[in-house]
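For clarity, chains are labelled A, B, C and D in written order, and residue numbers in each chain start from 1.
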Amino acid sequence: MEKHNIPDAVPFKFTKKIKTALGIAAGIGLVALLWAVFISQAPASRIWANLWMNAIMFLFLGLGALFFWTVNALGESTWQINIQRILESMALTIPFALILFVVAFPGLTHIFEWTHTEHLDRILQMKTAYLNIPFWMLRLAIYFIFWSFFAIYLRRVSLKNDFEPQDNYLRRVRSTSGWFMVFFAISSSMAAWDWLMSIDAHWFSTLYGWYIFSSMFVAALAVIIIIAIAFKHFGILPNINNEHLHDLGKYLFGFSIFWAYLWISQFLLIWYSNIPEETVYYVERVTHFRSLFYLNVAINFLFPFLALMTRKSKRQPVILGSIAVLVLMGHYLDLYMAIMPGAVGHENAKIGLLEIGLPFFYLAAFLAIFFVMFQKAKPVPENHPYFIESSDYENL
Amino acid sequence: MMHVSPVREPLINGEKSYNDITNDVMAPVRAKPGKLWYIGITVSTIVMIFGFAMIGYTVWFGIGKWGVNRTIGWGWSITNFVWWVGIGHAGTFISAILLLFRQKWRTSINRAAEAMTIFAVMCAGIFPLIHMGRLPLGFFILPYPNSRELWVNFNSPLLWDVFAITTYLLVSLLFWYMGLIPDLGTIRDRMKTLWKKKAYNFLSFGWKGSARHWHRHESMSLILAGLAAPLVLSVHTIVSFDFATSVIPGWHTTIFPPYFVSGAVFSGFAMVLTLMIVTRKALHLEEYITVGHVESMNKVIIATGSIVGIAYITELFMAWYSGVEYERYAFLNRALGPYAWAYWIMMTCNVISPQLLWFKKLRRNLTFTFILSIFINIGMWFERFVIVVTSLHRDYLPSSWTMYKPTWVEVAIYLGTFGLFFTLFFLFIRVFPVIALSEVKSVARSSAKKFIGKPIKNKTPEK
Amino acid sequence: MRSIIYGHFTDELDLLNAVKELQNKGIKIDDVRTPFPVHGLDSVLKLPRSRLPIAAFIAGAIGGSLGLLFQIWVFTRGWPLVIGGKPFLSLPSFIPVTFELTVLFAAFAMVILFLVRSNLGPGSLPDILDEEVTNDHFQIILTDRNNSASEAELEEALASTGALGVKNIKTDN
Amino acid sequence: MSDEKKYWELLNEFEPLDDARFKGKREAVSSPTSRRNFLKVLGLGATSAALVASCKSPVEKAIPYFIKPDEITPGKAVYYASSYFNQNEFCNVIVKVRDNRPIKLEPNPKSVITPYGTSGRVQASVMDVYNVNRYRSPVRNDETIVWDEADNEIITQLKELSGSGRTVVLITPTIISPSTKKLIGEFTQSFNAEWHQYDPIPMDGYREANRRSFGTEELPEYHFENADCIVSVGCDFLGTWLSPVEFTSQYSSRRALFEENPGLNKHYQIEAGMSLTGTNADTRIRADRAEYGKILVHLYNQLGSQNGATQIEATPPPQEVTEKLKNVINDLQANRGRSIVVCGDNNPDYQVIVNSINQMLGNIGETIQFNRTYNHFRGNENWLEALLDQNLGAVIVWDTNPVYSHPMSDQIRAAIERAPLSVAITAQPDETSELCKYKLPAPGYLECWDDAEYKKGVVSVLQPTLHKLFNSRQAQEVLLTWMANPLSWQDYIRENWTSVYFTEQAANASSSDFWIETLRNGELVLNNTAASVSYNESATAGALQTAASEQASEGFTLELTEGIHTGTGHGPLNPWLQECPDPVTRIAWGNYASIAPAAARRLSIKNGDVIQLGNLQIPAFVQPGQADSTISIALGYGRTTGVAEEIRTGVNAYPLSRVESNYRRLTVPNLNIEPTGQTELLALIQGHQSMEGRAIVRDATYEEWKENPAAGNEMHEEIQKHHTTLYPKTIYPGHKWGMAIDLNTCTGCSACVLACNTENNIPVVGKIEASRHHEMQWIRIDRYYKGDENNPEVLRQPVMCQHCDQAPCENVCPVAATNQSSEGLNQMVYNRCIGTRYCNNNCPYKVRRFNWLDYTGADAIPNNRFDPANVTVDLSRMRHNPDVTVRAKGVIEKCSFCIQRIQEKKLDAKLEGRPMEDGELQTACQQACPANAIVFGDLNDPESRVSKLMKNPRNYHLLEELHTLPAVGYLTKIKNKS
């Protein structure tokens, strides 16, 4: 094969400096947690809900990356090969998320109304066949086992190809991705019902699973963009060029619109019919969380929509990067809106030191695992059959 | 020139020069139509005229000539409407969304698919009009200034439909036609007769292939695609709102918008396959619309079909999970009630049969694909039938429950829209190139068999 | 009265090279005509990015705002009706129409501007120099009006790039 | 699948069998095609109809009046007191006359008999006047003649025949008019004629039994309102028996269960076929028709043992029945003097037993009194002898139709054909009149002068509200003419009243004042002369013996019942009545043989299968609650003459009835069913019978209610508590109309449906359209079965537009043709409607109706009218209420809460400068309801009746969990179960 003038990637080092920075961030998070528990004496439900929320967010970043990785593989997409190792390393955080879930388990009764089996009303009693702790745990275990399996297995296939190019590499990746996609399509929705929708146990919405998926995917995209820009900036992945940023920007732009589309679809339909069994969810949020409710739409839709509309802004790392940070915070807020009104209630739900500080711990943990994983392999999958295509293309 | 990985399958088979492409694609326009074409257009025109006569009959005597009743206000008419609109979605999806996703295989099929979109939307548009009890007063639905200062109800999904379908038809037409003008220029320059030359020049808007025009044209196409992508989403979303905004169990469910869009693309691709598998054969375009194209479309079918399947299951589960007795009954009734046969036809055709496409062999088998595409067309029709009829026929008050059976008038009108569709399609393949010539040429270099895997000759540096 | 010198290539890569070559010689190219959009040609020709997207954005914004304002006016000022107990200003209901009008205006404005700007449209009569341009010829057109070089020099320069069928015709416009 | 489940499926969704019948070629109506024409013809029609009887000067144009007559204001209705009488139904009514045309009948609140509510037949009767099939002038054989000619010829022949010793027979239905009776008396004298009264469904057996038991033939008045325990053996007293409107009012007054009226009566119904009364019973005991005698004997024996009567040897009824009768006996015994036992069989022996039971229980003189006895049902079988006699000279048939309604139809036909002179005096052609040589057209009752003494001492008047439409003459006028009496019939009545009644009252000094006062009130109540009867036990023993020795029936027993809408055979002429579904089976247009589910399953008979019964072929209908060996068929169907071809429905079952020892019997024992293999279309309006466990009709038992007045309705509070909304509250600054419906008092009689039809110009769609679920009625009475298929509990619910504050229908109309008024009405703008039917789809109550075809002729497209019942011809259109738009093809319509009435009353109050009073405004359905089940009023007025009912713990809203906020409330059904 003819040599293309593609700059070589520089192997990444998880340096002490980075470790220190992450340590400080984790410290902030811990302090925030301890402060909330011991000093501000926050209600238990608020503390547990925060742990739950951050664990889910942590998982979502990895799961979103895994989805992005596999969907691109299935679509025979090429442009993202240069950042594939970022996706892989993010996906490998999934098994670690289980630890964070387990940490939050003791607080489940504070979060989920349906766990109070002794006083369930008529409707909740009808749901006990699905909403009961053993089955719920079983499902959670199945989700994690399969997601972790797919992440680890795909990574292994990918790494193997680095050393000796495999003839059946593409086919193996594609078929594994296909199986993952089948499992993911069902499990992502079910996980959303189990972990989030059942917090408001009476309420239901068929769209909910897909809505949460879109939020997860946009959040993961934002993190991918931030990391890609950083790696480009620090020369770790020099062959990430403006075309890649442009494409990532398009994804962020497009899926922010997609998220807004699902958000409005769900809200509009419930608002329109105004049936109490459905409106109860929004009435709580519109009445007691009014400003956050609208801020959520503004951050996650209006900002990326207006800011990323032009070609220039998508190709401009500073603009794209800051929008990505904003959107990441936006989807953290989205998750907050999904969990807090139901789990904590408007009397106790706040955005205080705990909500702002604790994510730092989880972010640090996420990045630490990510860096470790990224360090383990070549920064780019050079032997990928589409690798050259990824470095050599143009957006219109 | 962009690099194309050697592992990729060629998009065009055969050693085609640009001239070959021109001649192959233009052949049907140049040649005298064959006997089959005449038979085809005659049959479809007769069916179309009969359908229109039945529309006249309905308008004259009233909707009572249909099988709809006090409980089931919409029967075949809205079923057909949604079905046709859904079919229309494939064209826009192929040309807009696949363009945004840089799927090059779209170039061979987007022209015909877009034409199909327009014809299907025209067929679809007939139904909401004729299902009105007072068609002659249908203009009330337009927000025109009038002496009573009476406006329309902007809360009504049916009104949203008016805007959505009109916009969709117009924008699709624009998109399609703007893509056509370079090719019409090509035909013009190949025509020998003066009047034909003049006619095609008129149609081609005087296209001359200038680089400046191409430059603007590409930019415009991209933005049109950017507009058409959310538009195509919005159209079926709004069609789904027709049902989802209601309070009827089985209609009112939040998953409808994305699920309808997915179903629309699903059925649209099936229709594209049905048409293209025949067309490529009839017009000898096998080297342009390759088995690879069919496989790619089959992949979209399995993706969208599975999304639809998951939506069905989600609906079922959520009906149980909701604990609402009406919801629970509605879905139980779908699966086990008097219209269970329709539900299981839908399930078999839409969810189970596309799963066979997991096998690569079947994905690449034209006969199988053709049969499957018909199955899906039927299944998706039944999906709409199930939604429209089984939800209505047993809703809240059992006292009002009824059954619905179409009359021959409804059947004839449905067939009539097929007549319209095929009449237009037959005309289309004679007058316009069925494959986007210039677009195919633009990928011919990189994706035709002889060029694949070849090195990049000159690379444009990073700007 | 001006001279138009043109020639063609049968391969787009040759065309690109020829364009660069001519540009290196300081010859201004009047027009390049191709059967399909040749990648890289616009950057070589240094065509400015089209402003059609901006036009689309403005038109879309106008369409959307008009649509939204009209709906708001109708329901709150024109003839407020209580419909299903909804508030007069039922904003979520206004989204679909607003969106559709945005798209409609943007698409139409852009297409109309494209046609006007490119001088294309029904009845437009193009100056076609080589009918094969819409088939497989990649044509370079030079004119003496834009270039200080003489007709002959231009012809010569064009021919030297390997252009085929170099011709020179005179025209009044 | 459980048996019960299977059963509901058996009854589910009756599929129209023969869609091909629906040819839709009904352009027979050769009339106006455009709307402008329509108005023109409406005007012309009014003109040609001439004007109100009292209007002396001929008027050339209907509107505008060139010189306005004093009593007519265009656009303002005039009301006249009158009365309706037909067979077993009598109502004092007020006739609403608009622009000289009677358009609506309303109850006369001053009446002592029917102060509120009417029957459905009364409501529909306004259509009879405008019936196109009426005789328009005298006819001799088939030749139209003038009155003088007819008079001369008939008088000559009558004189000749009576002179030659041949008998002259005058057959009439029961005459309750004192003046007419006097006149007929004079007539029989002058022509030496015999006068016989004939009732197609007679009660002569009752009168005979009373003669035996009490020594009087009078039919006593029943006071259901005073009865704490009602036991009815096959007696449909709420639907068709004796005086159903009156009884419904009485009965319902004891079902209106409130804290201030807590005494719920207890109603046992022992019956074979499912009757309207049976569906309302607290406990319905299913027994075969052939067991009635045994049951009565058993009741007598059991009660007698506690009251010292002699026992009689008899085989008791089947175990399952006797078991259930124990409660009946206990309750009767516990409520002595406050109970009623009735039996709906014309067998005098049965009635004698019933009499003795009532006597035993001390009910006579308490709940059953012989004071204001009933004057109707004087008919008997005696006329037959005279008619069939060879000596018959002349027969004058006055508005009666024995050829149709008598089992000896053939002999009667032969006799009439044989008679040298046969004269029919009737408004509409019928099977009998068509046989007569002379057919003399009579006017409809709204064109007539008459009086009526329905109950002893309560005399009413009838006055014409419309100039005679055709060249007709009242029968009384005919008799007067024949007798050469120069008095007009009006003067004759007046003279009679002056001589008989003027002296009985003191309020008016002059006879003319008295007359005017009577016309104004419509009714004169004479002093009540308490009658005393002496009970005679001696007749009982024989009756018991006969009843006890009855042979058991082999095979099936057929029970013939009166059709609740068709009556004895008058109904089929009236398309409104035919289109109104039967309140029990919910089938419109035609009759059928009801068979028990078990029997149907055994014989593999499905709904619509035609079976052979004797020499009758009739479609079967599987009726839950039907006794296993009993088949029930409604009478009154199968009319062929005088009914437009398109609306001839059903089968005439009279030929199966029999005459036994001179009493008509409506039962036929020992029948077998033969399936014929054919099927026939049944217009089943409600296909699904079960509530599917939904809280649609909420019910509780009396005991539960006493514990907790919100019993059965606990979820109401729960749902209200969970009502969340994303919308701001809509403010209704002025009125906010609302309606409360008491499910406990509603009997399902369907008077409201027909009142609504009349008030709101609702079109008639015909059998095939109705069977395709294209019916147009704005109010329907849903009927649900609950529990055991063999004897299900029945729950009913009248449903009309609920006028939701947050109406799902309004949201979705693209042209805003339906929206909320500032008074909380869900408005429907016909002009704006383009007919997408989206509103109807989105209506959870499915109360919206669509004009599928051009049912009314109001459509702009020519030659497409679909009017199988000929109710939109020029003549019939005169009944239209001009305040209500006639809807065109392709528009949606629905209940408007009678907005025209609201506007009228609002305007009245405004003109008089006063606030509206509660109760002043009545919707048509409310007004027609004899059970007082519907209350309408202003919810913004906390003191209004409807506001108070809405706060009653029994109140709930239909599908309230959807937060549609209906303006209609329902009060729970409370059954007094034991």
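Rule of thumb we're sticking to: a residue touches a chain if its C-beta (ideal position, glycine included) is under 8 Å from a C-beta of that chain, and two chains touch if they have at least 3 such contacts.
The structure presented is a predicted model; accordingly, all values stated were derived computationally and were not measured.
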{"item": "Between B-C and A-C, the pair with more C-beta contacts", "value": "B-C"}
{"item": "Central subunit by CA centre of mass proxy", "value": "B"}
{"item": "Inter-centroid spacing, chain C versus chain A (mean Cα positions, whole Å)", "value": "41"}
{"item": "Averaged-CA centre spacing for the pair chain C and chain B, given as whole angstrom", "value": "28"}
{"item": "Whole-Å separation of chain centres (CA-atom averages), chain B against chain D", "value": "57"}
{"item": "Euclidean distance of C-alpha centroids - chain C vs chain D, Å", "value": "79"}
{"item": "Touching two or more other chains - residue numbers and ranges from chain A", "value": "268, 270-275, 277, 394"}
{"item": "Contacts with two or more other chains, residues of chain B listed in rising order", "value": "2, 150-151, 153, 155, 157, 159, 218-219, 230, 241, 245-247, 460"}
{"item": "Residues of chain D whose C-beta touches two or more other chains", "value": "727, 806, 808, 811, 816, 962"}
{"item": "Residue ranges of chain A touching chain B (in the complex, touch as defined)", "value": "2, 4-5, 74-79, 122-124, 126-127, 130, 170, 178, 182, 185-186, 189, 193, 202, 204-210, 241-242, 250, 254, 257, 261-262, 265-266, 268-270, 272-273, 275, 277, 385-386, 388-389, 392-394, 396"}
{"item": "Chain A-touching residues of chain C, taken from the complex the two chains share", "value": "39, 53, 57, 85, 92-93, 95"}
{"item": "Of chain C, residues touching chain D in the complex", "value": "81-87"}
{"item": "Partner chain B, residues of chain D touching it in the complex", "value": "12-13, 15-16, 19, 24, 686-694, 696, 769, 772-775, 780, 782-784, 797, 799, 808, 811-816, 832-838, 840-842, 844-846, 848-854, 859-861, 864, 866, 888-892, 958-959, 962, 964"}
{"item": "Complex contacts: residues of chain D adjacent to chain A", "value": "719, 722-727, 806, 808, 811, 961-963"}
